[in-house]
Amino acid sequence: MSEATTTVPAPTARAIPLPARRVLLVPVLLFGLLALLPLAVSLGLPSHWLTLVTRAMIFAIAALSLDLILGVGGLVSFGHAAFVGIGAYATGIMITEGLAETLLILPVVLAVCGLFGLVTGYVSLRTRGVTFIMITLAFGQMVYFLAQALSAYGGDDGLTLYQRSTLLGFDAFGNRIGFFYVVLGVLLACYLLVRVIVASRFGRVLRAARENATRVSVTGFQVSQVRLVAYVISGLIAGLSGFLLANQTEFVSPAFMSWPRSGELIFMVVLGGVGSLHGAIIGALAFLFAEDVLAGWTEHWKAIFGPMIVLFVLFTRGGIVGLMRKLGAGRDD
Amino acid sequence: MTTGLLIVQILNGLQLGILLFLVAAGLTLVFGVMDFINLAHGVQYMLGAYLAVTFVGITGSFVLGLVLALACALVIGLALEFLVFRHLYARDHLDQVLATFGLILLLNQGVKMLWGAAPLSVPVPAFLSGNVALLDGILYPTYRFALIGSGLAVGALLWFVVEKTRTGMLLRAGASNAPMVSALGVDINKLFMIVFAFGTMLAAFAGAMAAPILSVEPGMGDNILILAFVVIVVGGIGSIRGAFVGALIVGLVDTLGRSFMNDLLRLFMSAPSARAAGAALSSMLIYLVMAIVLFVRPEGLLPSKGRA
Amino acid sequence: MTEPVLVLSGVQKAFGALKVTDGVSLSVAPGQLHALIGPNGAGKTTLVHQISGMLRPDTGSIRFRGQDITGLSPERRARAGLARTFQITSTIPSLSVLENVALGAQARAAHPLALFRNAARDEALNAPAWAALEAVGLTERAHVLAGRLSHGEKRALEIAMALTLEPAAILLDEPLAGVGREEGERLIALLASLKGRYAMLLVEHDMEAVFALADSVSVLVYGRVIASGDPATVRADPAVREAYLGEEG
């Protein structure tokens, strides 16, 4: 099939140039600030921050992957924590069995998450709307109960790891600052990857199908296939964050994939701003900071956090990124 | 595996199925009529149980406690409808999911603050405390029979209301075509409130009835909520009949799977591996059933008519 | 005589007891515009849905370019060269006009779902998109979001989206519905300019437009074709006059 030919009458098809590419101020600033954090810690910022931000970036990877299907694809998946948990468990089980090499673990993590995404995605994507939400939630819960039943690997109590993953035999993730930069690097790589995918031909179809699946289908695309691929990619990236999470906490537990975790991931995405990708990262950072502050304040922090979510949903639109955009627009006027 | 044990487990499965039906019926009506996904529905089940603990404790009477608990749950439910849910009906599902998720966090924590984190219980009422002798001399608690019976009675009442009354007709019409009902000049907001109150009462009733046989603890609503989702997905959204059939399937499959999976697997493998695999497999069983149903019929077994 | 592009034979569709399509047979020749008219509720849109694959007929067959497409999915039919527009405009509101149109070119491209290739700056997709925009007169609006277009512009956009599919036939479901007089005249001129290049099946209520554009006409009443032929014959047909009396004035 030829690409550039058309039978449309085109004497002089004049192309009006695209508007200038928007400056990516916010993402650049975001990653710049993150990269400077270890410096700030060495200059006197509490070292607790390093752990907190590392953890937040790990969740940011998961939230980013969720944004690909939820924000870009319009599919509200309520079982995304399952991918994080599967990635973490695959890592934990392999380390427990004496296979700590990252180059062995990662392919397994990706294969298991991909397979889980393929099977559950195929079934879930046969439905839409509310049913899709409920099914993804149920599949997530299935994995949660499966992990609870894995008595050989800690069952309900979870599994403590006596070692981190090694890279080519070295304890590559042992240094806290080193691990911080590893996580930052993975986050940046995932962010760029998802951006490229969203801007690609594939991403355009995914975006279009969110708004008008019928039109996309009569234009010649198989919508369910596109969504399934996006769902699997999203699951792979979330699995990666599970690998990092297991290495940071040196512990894996069914709680990683309990359904409130999936709810929290959704909140991170919405808090930051749905579909903007860097919004998911900002949302994850804001979420973990808020959790940290509130939890340090009272053990009943969820009684404050819950109403905050409700008020946020009822009274704000567009999340943090939307707010920044409004402020930016106000300044331009 | 004896016949007696099988009968007991079937009764247990029925009992779980009935509880699930009571929770799922309200949930599926709210979905069907209002296109509203209310994750906080499970919390209303939990509140029913906790309120039963308190009111049965105060009054010393199970029946009186139950009535007070239901009244109180209804008031709380209507307050939530007025303050939160009402503002979400016109929003997309994402907002609905998120806001009701926030409510779950609040209410689970609130329950912990008010009643403590330790599991509580309600004594089985004296007039239902005995056992019924089944064949083989196996005894089954009277209260559990009463639970199954009252659940079936509520189910029958629900069927009557939905199938035989004017409100029920509007509900069924609303489930398949809400704009049309509103075009008929029905006050849709009032209809929504009735549906919602109805669903809340059913969930609270299930929670209160479960209080004497299950431990009452924070988060108890979350598990039943997800099981209710499975029920609705299996049965078909918006369909009361679907919820009933789905609830019985899920209740029986889950209960029988947990009790007999080990024995079944023992036929093929050694005892320890059968135990390990049995635990894993039985906990996944209902989700596998759900996946199979969806694979064959994406719209569920008995979808409400008029829905695509 | 040339082989027709699109042939419907005995297409039937019932919703419950209601026969919405009752044994419809018609054909559209290459480059010809065949108009499908009929009173409201005659089943015109249902028929277009069946041709485009969004509904499946109960019995009967639909042949397109000599191939039986009755059982094919909408996306397979689109790739085979069957494009359509909708009665209620159907675009992607948050994509730019150019991107909307490029989507059709993308469906025809060698790697329609390439994961990493940037789509917005892809000349292989944009060139045919610009050409189609030129054809429908939307060049100036290329970078506007489709949701911001006027109603008539959206109608033209839908036609442009159909053109980039390089279709052999286009199904047009009331392209003039709700369009003002001036924009309507522009759209009629646009459709006239497409005649000869594409086989078109036009569902339309605007009789003036139909008789100005159509090479042949079928009249659908309660799911049945009650008359078919060249415009003058159909207009004179007593059964048609009866069906339309008081309907369209």
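All chains are identified by letter, namely A, B and C, in their written order; residue positions are counted from 1 within each chain.
Going forward, contacts are C-beta pairs under 8 Å (C-beta built on N, C-alpha and C of every residue); 3 or more make two chains touch, one makes a residue touch a chain.
Computed from a predicted structure; not experimentally measured.
Undergrad: If every chain is reduced to the average of its C-alpha atoms, which one ends up farthest from chain C?
TA: Taking each chain's C-alpha mean as its centre, the farthest from chain C is B.
Undergrad: Per-chain C-alpha centres versus the global one: which chain is nearest?
TA: The most central chain here turns out to be A.
Undergrad: When the centre of a chain is set as the mean of its C-alpha atoms, what distance in Å lies between chain B and chain C?
TA: About 49 Å, centre to centre.
Undergrad: At what distance in angstrom does the C-alpha mean of chain C lie from that of chain A?
TA: The answer is 41 Å.
Undergrad: Provide the C-alpha centroid distance between chain A and chain B, rounded to the nearest whole angstrom.
TA: From the centre of chain A to the centre of chain B is 32 Å.
Undergrad: Under the stated contact criterion, what part of chain A meets chain B in this complex?
TA: Residues 70, 76, 78, 120, 123-124, 126-127, 129-131, 133-135, 137-139, 141-142, 145-146, 148-152, 259-260, 263, 266-267, 270, 274, 300, 302-303, 305-310, 312-314.
Undergrad: Sort out for me which residues of chain B touch chain A in the complex.
TA: 31, 35, 37, 39, 84, 87-88, 91, 93-95, 97-99, 101-110, 112-113, 222, 226, 229-230, 232-233, 237, 276, 279-280, 283-284, 287-288, 290-291, 294-295, 298-299
Undergrad: Where on chain C does chain A make contact in their complex?
TA: 52-54, 73-75, 77-79, 83-84, 86, 90-95, 99, 102-128, 130-135, 139-140, 142-143, 161, 163-166, 193, 197
Undergrad: Can you list the residues on chain A that touch chain C in the complex?
TA: Of all residues in chain A, those touching chain C are 1, 3-16, 18-19, 196-197, 199-205, 207-208, 211-212, 214-223, 226, 229.
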